[in-house]
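Take a look at these structures.
There are two complexes below, and they share subunit A, which is joined by subunit B in the first and by subunit C in the second.
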Partner chain A sequence: MTRAPLGDRLPGTRPRSSRLLGTQNRTLWFWIFVGPFALGLILFTYVPLAWSVYLSFFDAHNTVSPDDFIGFDNYASMLRNDAFTDSLVTFAVFSAFIVPTTFVLSLALALMVNRLRRAQAFFRSVFFLPAACSYVVAAMIWKLSIFNGVRFGLANTVLGWFGVDQTAWLSTTDPPWYWLVIVTVRLWLQAGFYMILFLAGLQRISPTLYEAAAVDGARPGWQVLRHITLPQLRATSVAVTLLLVINAFQAFDEFYNLLSTSSGYPPHARPPLVYLYYTALGREQNLGLGSAGAVLLALIIAVVTIGQARWFGLGGKED
Partner chain B sequence: MTAPVKRRRPATAPRTRSTDDALVRAGRALRVVLLIALALLFLIPFYLLVRNGLASEDDITSPDWTFFPATLHWSNISELFDDPTVPMARALLNSSLIAIATTLGTLLLASLAGYGLARIPYRYADHVFYAILGTMMVPAAVTFVPSFVLVSSLGWVSTLRGLIVPTLFSAFACFIFRQYFLGFPRELEDAARVDGLGHWRTYWRVVVPNSRPVFAAVGTIVFIGAWNSFLWPLVIGQDREAWTVQVALATFTTSQVIRLHVLFIAAAVSIVPLLVVFLFFQRWIVAGVERSGIDD
Partner chain C sequence: MAISRRTLLGTGATGAALGLLTACGSNTGRDGGGSGGKGPRLAQWYHQYGEPGTEQAVKRYAAAYKKADVAVQWRPGNYDEQTAAALLTDSGPDVFEVNGPSLDQIREGQVVDLTELFDGVKDDFNPVVLAPKTYDGKIWAIPQVVDMHLLYYRKSLLDDAGVRPPESLDELVDAAKALTTKDVKGLFLGNDGGAGALGVTPLYAAGLSSVTEDGEVGFDDPAAARTLGKLRQLYADKSLLLGAPADWSDPSAFVQELTAMQWCGLWALPAVKKELGDDFGVLALPADGPDGKPSLPVGSYGAAVSARSDHKTEAKDFLKWLWIDRTAYQEDFALSYGFHIPARLSLAKKADKLKEGAAADAVRYSTEYGYSEPLLWTPASRTAYQDALSRIIKSGANPASELKSVVRKVRAELDRVKKKS
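Let's look at the complex of A and B:
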């Protein structure tokens, strides 16, 4: 996600460690410290990835050691599958809503909180507090309390004061009000976290830049924001956008908890992960097909991430 | 370009000063009002959680819904733990064990790896670091199908082992520790080395005791993540006995038999441990985020 200061080899230390411990000893000690972690990562990340690629070429129903090699058939049927392509469309619509709204709200919160002289810690805590809440709990509040469409629910109660008819927020697709519910849950949970990232970025801007701008007659407000603050926040903005897109790709919890019912998951608004969950681990246990979908999804994410990184110049420290 | 930032305002411009000041003051007041309104909006969901958790079921589902419940039913809490359909005590125990074990395990493994990568000279250290960092680029959720396959072939489905062990290797935590140890004052380590301590004892006696803030920050983030995680426990915790709090709540949200006030008090109870940890360690989280270099 970000570029680490690599290759800072800490000069001046090599002679002493070489004297006390030979090269072999250093290698040994390196692996004593790093080995357990690296081994776990290989076992629980690299092996599953490789296994997934392997499985995706097999007809693997309910088995992890299949012997029916079918080549690219899983990929072909995945790409021909309307449910899978619809899930990609759902993701695209979702990120088109969630990425800009979270970006703008968290930046606005950071700008407002940053300028406070008093009670800054209080407001920061209040906006950050939802980050401690789980999607499951938040989805419950949204589904059963705020946007309950039947007889009760805060949204319908408040709208009722203005004479607006009851809305079935989550159970109808026309109009697709469920998007409002899905986007606001994530906005509430995540805006505070990204606000913290922006605050960290704002605090790194040198005050002398603002002083210089004031001397030059820049009006506080829009001019300073546009010509000083936003350019200085460029690196943070790139990181936030990347994180927002990657996290949107992984959307699962709120969709699953808001839309699934005891009778199953409704046909609308399945993002890729929800779709894969039902394909691979649902009744059919079609692990081969699910793996093909996972590999396709990983490839799409890689292309989007790399494209975005190229476009913005990832981790542009020189800014 | 529309930007006259470079234009110097004449030193004598008292004409607009007072109107500017008034505008600035009005803007500041507007901002404070807006902030308070937003803060209330952000707090409403928490209020609803507690309100519905302490209301009667009729009160929650009444068409004449009111912001304040008619009466508070503190007995809902004891009803929750007596209810045989909600294995809440078991789920709380599972979640606590998982969150604590995950936090301690991650802190140990990731800090050792981060220290090794930052401080023990090794020819291929950068390659190893790239290989670790690369897993951060692969969204963890994409690997859930193969990870499930692996864990089920180990026979770890519905076990605490299956819920804990695969989550212990957090590249994110390792990354933060490495960044932190790169900036750790070398003089302390050198002094330890002169005193005859090896890598191992230098780490435990000098480095760890002097790095409490970063351990607290990473620990809090990992604890919250472990307590709130949903997809992995949903996939692996298939038996009721292995349900975490999140899985139990989700299962009941979609079922028809559960009573709403029990569900809400269960959700309210589920966030209490987290709010305590969160409020207590909040400043460490902020420090951790700032120090992680995530926005550099």
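Let's look at the complex of A and C:
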């Protein structure tokens, strides 16, 4: 028996297996896969965002369906509010300190770990492990154990051996010892994560660059670091800096857990998110004013991020 | 049959779906285990009292109610803020205790009018704690117990230092300094230096108030700056305990001898008595200035009904049964665990535990020196004042200029609430 010649197939008939292909059905499958995620994003992100902006134009105490339209009064009120502007200053000072110190510390750790010939994986894990620790848990350890303010706190015990009087670390504003607690807990939690980023950057640097430099007479150490390693890490450095600044804007957990009491939160060391929390979601339940503050903060972050991107030349042509 | 990739992914998807369903079905308080009564289910919320036995007691009361299935939730953490947020949603409680309710909660219709429950018994409730739960002639919560803040002092430590219990704020400043040693501080007002714990009490000690009875700012007066400046003096003298592991509402710092005097609450009396026997006394915050008088804040958690409840009538019936009719439970709640004064005057009068020692002093102080925070003292006003007080105490900010700023903010807040009347 011979196979039927191809000419017998009816013209225009497509094979059965290709019936589900085509522009119409590709669109259908696109929405089948993307739809649930898009719906979730709309419901849980964009609708709340829009509602928040809406609330910011109303006097909305203890209600999310207000009827007292007040235009831009909430924005004016928030900008005039020295508690909010103080929180922005607090953030600026905090980020001006924490961003460079975390950068330097994580870069130093990465350089040291990268030079290890043995046990590199061990030390990499040791330094990275704090990143897995909850900010809340770390804050409690810092607050109740290491920097407890009475005589049996760890820091006070050790300093007591040298005759130093006990210090109430988190409660002392002059000098502002609370910053030591806040900064050290954040350094401990974050340095390991950014060390990993720098390690990845370091390991992408071609060894031939160092070999060529050695042939040309470059001395190992500072000269190589300055002229080869750091320039090659520029992309990683930009990413780390951007992430650190955004992360500083989002400071809440360790501040809140270290400094809040059952009576509230002190006016010093209060970053923007903590202030907005107390205004909108805390005892005040002033959802309109809090929403206005959130919008202002989002705008500030957007402007800073765009400015930073321009500064670092992101999006521009390749050199 | 070998496990294929498709089978594995399918199983994973099924597991994820089950997980999602489990998460969506988590206990929101209304569908949890109830107390077994017939009728609708009611979710009742309490904040986490620190005294042993209280939780079991309130669950026992709920179980004894037969007309509804009452599920008690004992909520740790920042209860007031949790409750405020929950009242905006349909998954909040039906019945809850509230340190308030605040003026905005009342006016936004978040709580139900309970006035009719007080027919025939209104005069038996301590007016000091009923007033802040009354607005527009209606009562919005049933006071459960009377609580108050007190200054505890250690008699033996004062004797050793040759110090007598302070009768004025100046004497308190001097006493705290004299009582401070290398290991023991003279006074503990909270880790924030007193801004949160004392609040407006120093104003009342100076003969002023937070908001006057006719709704004006009550501390636009040089006496306020003078009095608050003395709190700064306590901090500057290094007489204050700061950085204690437990904050002021817990008597640990006092009983562990970290401090000779501590601002705390009546609820701590049994723990202090158990540890120190008779070696302690209690005071109000001493008076300051010629018009001053000793002062301490008196308040209460009140039982309220959420306006979002699907069973408002049943919830009101339950509250009437528990906090109006069942006087035996009210007495038990107030006196058998921790320590509180019954909100009912008749119960307080006959309570034997309140007739001797420090307890008798406390009861006397509550009527002689007690004030309650008026409804018009809104959270925003409190925040502005507390921030200023914190700056005065800890940063040495000028009291007069700080208070001038607070007066302006409080006046604006009072204007806001009046505008909506």
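Keep in mind that, in the parts below, the second predicted complex is superposed on the first by the 294 of 319 C-alpha atoms of A that agree within 3 Å, B and C clash if a C-alpha of one lies under 4 Å from a C-alpha of the other, contacts with A are read in each partner's own complex, and residues count from 1 in each chain.
Note that in this section contacts are C-beta pairs under 8 Å (C-beta built on N, C-alpha and C of every residue); 3 or more make two chains touch, one makes a residue touch a chain.
Here the structure is a predicted model, which means the values were calculated and not measured.
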Which of subunit B and subunit C A:F255 touches, first, second, both or neither: neither
Which superposed partner A:V126 touches (first subunit B, second subunit C, both, neither): first
Partner chain(s) touched by A:G40 [first = subunit B, second = subunit C, both, neither]: first
Which superposed partner A:L276 touches (first subunit B, second subunit C, both, neither): first
Partner chain in contact with A:I141 - subunit B first, subunit C second, else both or neither: first
Most subunit A residues touched (candidates subunit B, subunit C): B
Touched partner set for A:T27, first subunit B, second subunit C, both or neither: first
First, second, both or neither for A:F94, with subunit B first and subunit C second: neither
Touched partner set for A:F84, first subunit B, second subunit C, both or neither: neither
Subunit B versus subunit C as contact partner of A:A168, first or second or both or neither: second
Shared subunit A surface residues [contacts with subunit B and with subunit C]: 64, 144, 151, 153, 261-262, 281
Of all residues in subunit A, those that touch subunit B in their complex: 1-10, 13-14, 16-17, 20-21, 26-27, 29-34, 36-38, 40-41, 43-49, 51-52, 55, 64-65, 109, 112-113, 115-116, 123-146, 151-154, 157, 188, 192, 196-197, 199-201, 203, 213, 215-221, 223, 226-227, 235-236, 239-240, 246, 249-250, 252-253, 256-257, 260-262, 273, 276-277, 280-281, 287, 290-291, 293-294, 297-298, 301-302, 305, 315, 317
Footprint of subunit C on subunit A - complex, ascending: 59, 61-64, 68, 82-83, 144, 147-151, 153, 165, 167-174, 261-264, 266-268, 278, 281-286
Residue ranges of subunit B in contact with subunit A within the complex: 3-9, 20, 24, 27-28, 31-32, 34-35, 38-39, 42-46, 48-49, 52, 60-63, 65, 109-110, 112-113, 115-117, 119-123, 125-126, 128-129, 131-133, 135-150, 152-153, 165-166, 168-169, 171, 174-175, 178-179, 182, 186, 190, 193, 199-200, 203, 224, 227-228, 230-231, 234-235, 246, 249-250, 253-256, 260, 263-264, 267, 270-271, 274-275, 277-279, 282, 285-286, 289-290, 293-296
Subunit C - residues contacting subunit A, complex: 78, 80-81, 84-85, 87-88, 102, 104-105, 108, 110, 182-183, 190-193, 195-197, 199, 241-245, 247-249, 253, 258, 378-380, 382-383, 386-387, 390-391, 394-396, 405, 416, 420
